[in-house]
């Protein structure tokens, strides 16, 4: 029961945070509300026994990536007048919802057609650092290495792109 | 008796080699220092003279054979062979072709010699003789070819050479146009020849497509096919021999140098059509209707050309129309199945027409390339040799007994009368009178009376010996050739007809003495009336007449050239232009352009969706996804 | 039970889509994409729990790594664009307009 | 090596071309390489000619499986029909390297590749292999035309490329259909051209496949009314490209009809032969009449070439021995005469810097050798007896008369039409008064003269003694007709019906 309560709580936070992201005009507000979503998602991971993911979600996502974004937002020193006007924002949003609704409905339908199984008790080691790590460095070694190269490339790319001296403003 | 010989091929090849040598010499040197004319002259005359010698050898070899098996053949190599079609590069000399050979090589050689004088000083001296040799070689291939296809080689070859020689003075557009006209009109005839060969081949050619096999198989030809073949071949003949409706090129062909006119348009090339019809006599003889058509076309051409000839003021044009007219006689002859008479007229005509042309050439040469007879006059005193020889030629042409033309023309008219072609005979006699009239009109105006252009007259002089000697030889021919076929009424034996008999399929008409006398009497009467009329009008000098009414119409040749231009040439060009300007871009290329245009329009339409905003592209994706979702959720239910 | 997690994932994903297609602010669009990635992650982890297999976790890790790389690059691009145009409006960048 | 002589002929130029493209060779070296390689091709070609036996079936066969599961093989072979198209390429292409001023490296590389690809298309005995070479053939043309063409080259390039590719794709559908039919009828996959002849094709889909093939080839040949890409492309292309297009590539279209369509779609071919023959004849007349109205001599030659191709194609459609043999012979004759004429046009354009007929005149006075050679090539192209052009044209007209009298008569008009525009052009370019543009026109240099001399002599030799060529063509032609005869007897009965009622005949069946 307690777990169900937590699930509802996190869900509410996650959805409200995401809605905030979509609705707030200023990106800073959006980012803050997105952080809420990310933290709530971390909670959901925890409820799913994904200990490593829970930790990484908090540290990497909510911590590193979001702080990078917020840093950039602040770095650019965005004023109200810099923001796009977006007069018909809500009109677009409603339109967007209408367009997306069939997709959502289909996905929900698909989800609901899954065999409903009650949660089993997960094994003690499920989702632990060691277990996931072993999996990562045995079965998933090659993708892991590729991802590391990808990160390296994006690092170099970011440096090259952002480091360019843009003169023609 | 051995019929296969090896020397036949040399007859056409020698002039052809001459042509190649001269041509290469000319091409190699003409932009630098030209070679001396004498070298060209010697090279040019070797080939024709040797060919003449060989032609004599052929003649005497044939003479030594029994009459019913007089032929020589030479099969050089298989030319092409596809399925049933087997054409060998072969030559055939029978009495018919040997006669042709003799006078073609003889007159050809004489014209070559004459040209050395006439063309001297021309910067394209070498080229001229190369063409002349090529022409003679082609003509000999035509005469000697043992199958229609080999004959066609020569047939087209002379067409080409006439083009080259007529447009010889090629800096002048008119001359080139005349050359083009000759070649194209000849080609129209050639189409008939080719199609005729095609029909003939599919009918009886599978057993062999040479003349001997064709002759042997001719009896199996269905009458309809035979008529088609005859008429198509006759179309070819009208092209080459300048008959209605394809005669228009010949008068224009006078644009070439005068010896060319003599060689091509009098003595040899134009006779090819008559020769061809005689060659195919084994088919024509079976189809009287075809002969009838040939005869009528021929005699009408003779009439038409004689009318034109009466009103021309260019000395060469007069002669040109007289040629067309005489060719009409020949066709009338072969048309009424008097093949030997037709060929005999070819033979005599070659002498006196070459003579007249060469004489005219001498006059033109003397008058510094003046061709209008109304600028001449009284030349008799200045150029006696030319005058005498040309007078002989004119008498022969006009049909004065006992000159060559009289016998041959009379033979044709007699045959027409004896076979019951009275219409043809009447027109023929009428034309004979007109011939006498316009021939002597020319002679009187040019040689008699007072000089009309004193300055030109003062400079006029007799031609050099290299030109007059051929004239004299030809004059002897024009004088005596007729006796070779002296009819029985004059105590002769018709040697030429007998000589030709094995080659031809003809039946000599048997007519009473009375008919024969009527024919001769009418011809002589026509001649006398014609010459009297000419003398009355022009004998003592006359001024250039102003043509009115019908005369003007005839002077302008009934506006046939203009008619052809308006009916065929201009529409052809206009169609070409129309295709280039409108039909090609809009009609044939239309669908292609349309496809491209539709594509472009569609592109422009779809371009609207390419707004450039990333999120709109995302929206498209999502819309697509949504539609798919809707469809899928339908199926999930 | 897993269905509820997945439903949450669907909701978040759809919100992300809505954000991408209806907002013009570069940052918001970018974060909406991140939101969609997270939604996907949630379903990975939920399904991993269902199947008692940790491959889903590994995949989620991968996704995070990719997200990180993407963030680094995308932000660099944003900086560049801002430098050039001085705007954060996606509508400014319409070079592909046909 | 000489078991694989065909492969050598195909891949030696292609490999050389690719190597040239990859190395930083200069243009002089490129020209030299091209000349040497194509000369090697010439030597090989002559060798093949003398080793060739006068028989019907394929010779010099090579066969290596490529995709065994689908029965696609690398199989090559030539018979009397392909031999001469192969030879025409081998003989004519070396001239290109000798004649014109050095262009860039890529140009020569592309020329080499197109040479190899054309040889491949001619030698291929497998439909897929044929298709591959057929498409590769177009690629260098695209580059040569697009990069080194005249002023308005881009539209011309796009037109020829898209037009021919559209046709090729239809052919690909046809090839796949025949392959599938073979599998359905014999239970195994094969795309071998010889085996395909056993196919029994019938039904509406077969007709569609037949037209797929025919349209592809009709575009390449080009047959009226699919010829509209030709004037632009021939006019804008650099001389060597025009030469390749007109002298050889167009002929491969005719060759493909003989090789692929006649034996495989025998029934359909016989049924629609009359329609196709009319298309050939009308194309001949249409293009011939247009030619006289052209202001640009290269464009005039383009139409003249299209006009002659109509006659050549007609020879194939007549389906008798004389016409087919004549057609193949005429392919070679036309390759030599028109090819050479295009080269002359290139030289002319190089020297006078204009393509307008009206700007020229009196060239014959200063350039007699040029005029002589030009005249011989021109006379061959109008089919004067004694030159190569006559034999083929005569045989085709002869065959056409047997096939259909009206067609025969119309085909005969080529004698007149050809001579009209050629003389008209010759008069204005070579005779008349010298115009400023053509003043001091330089005659052929020694190299140029010696380059043209063999071909000019060949034109005359082929006219005087065509038998060595014909006896190599005839057995293959006979074999093809024997294959087609079976279908002919079925189809000729309702031949006239089919023309009137069109496809309704098909649907009724």
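Letters are used for the chains, namely A, B, C and D, taken in the order the chains are written, and counting of residues starts over at 1 for each.
To be clear about the criterion, contacts are C-beta pairs under 8 Å (C-beta built on N, C-alpha and C of every residue); 3 or more make two chains touch, one makes a residue touch a chain.
Predicted model only: the values in this text are computed from it and were never measured.
Nearest to the overall CA centre, using the mean of each chain's CA atoms, is chain D.
Pairs A-B and A-C differ in how many C-beta pairs touch across them, and the larger number is found at A-C.
Chain geometry summary: the mean Cα position of subunit A and that of subunit B are 99 Å apart. If you average the CA atoms of subunit A and of subunit C, the two centres end up 6 Å from each other.
Separation between the centroids of subunit B and subunit D, computed from CA atoms only, is 37 Å.
Taking each chain's centre as the average of its CA atoms, subunit A and subunit D sit 65 Å apart. Listed for subunit A are residues 99-101, 103, 107, each touching two or more other chains. Shown for subunit C are the residues in touch with two or more other chains, namely 17, 21-24, 90-91. Every pair of chains meeting the touch criterion is listed here: A-B, A-C, B-C, B-D.
On subunit C, the positions that touch subunit A within their shared complex are 1-8, 10-19, 21-28, 30-32, 34-35, 38, 41-42, 45-46, 48-50, 52, 54-55, 57-58, 60-62, 64-73, 75-80, 82-84, 86-91.
Contact residues of subunit D toward subunit B in the complex are 159, 163, 224-225, 227-229, 231, 286, 289-294, 321-322, 325-326, 362, 364, 366, 368-369, 372, 379, 384-386, 390-391, 394-395, 397-398, 401-402, 408-409, 412-413, 415-416, 419-420, 423-424, 427, 430-433, 443, 464-467, 470-471, 474, 478. Looking at the complex, you find that subunit A touches subunit B at residues 99-103, 105-107, 109-110, 113. Against subunit D, in their complex, subunit B makes its touches with residues 23, 26-27, 30-31, 77-83, 85, 89, 149, 152-153, 155-157, 160, 163, 167, 170-173, 176-177, 179-180, 183-184, 187-188, 190-191, 194-195, 197-199, 201-202, 572-573, 575-577, 579-581, 584, 588-589, 592.
Subunit C meets subunit B in the complex at residues 17, 20-24, 29, 90-91, 93-98.
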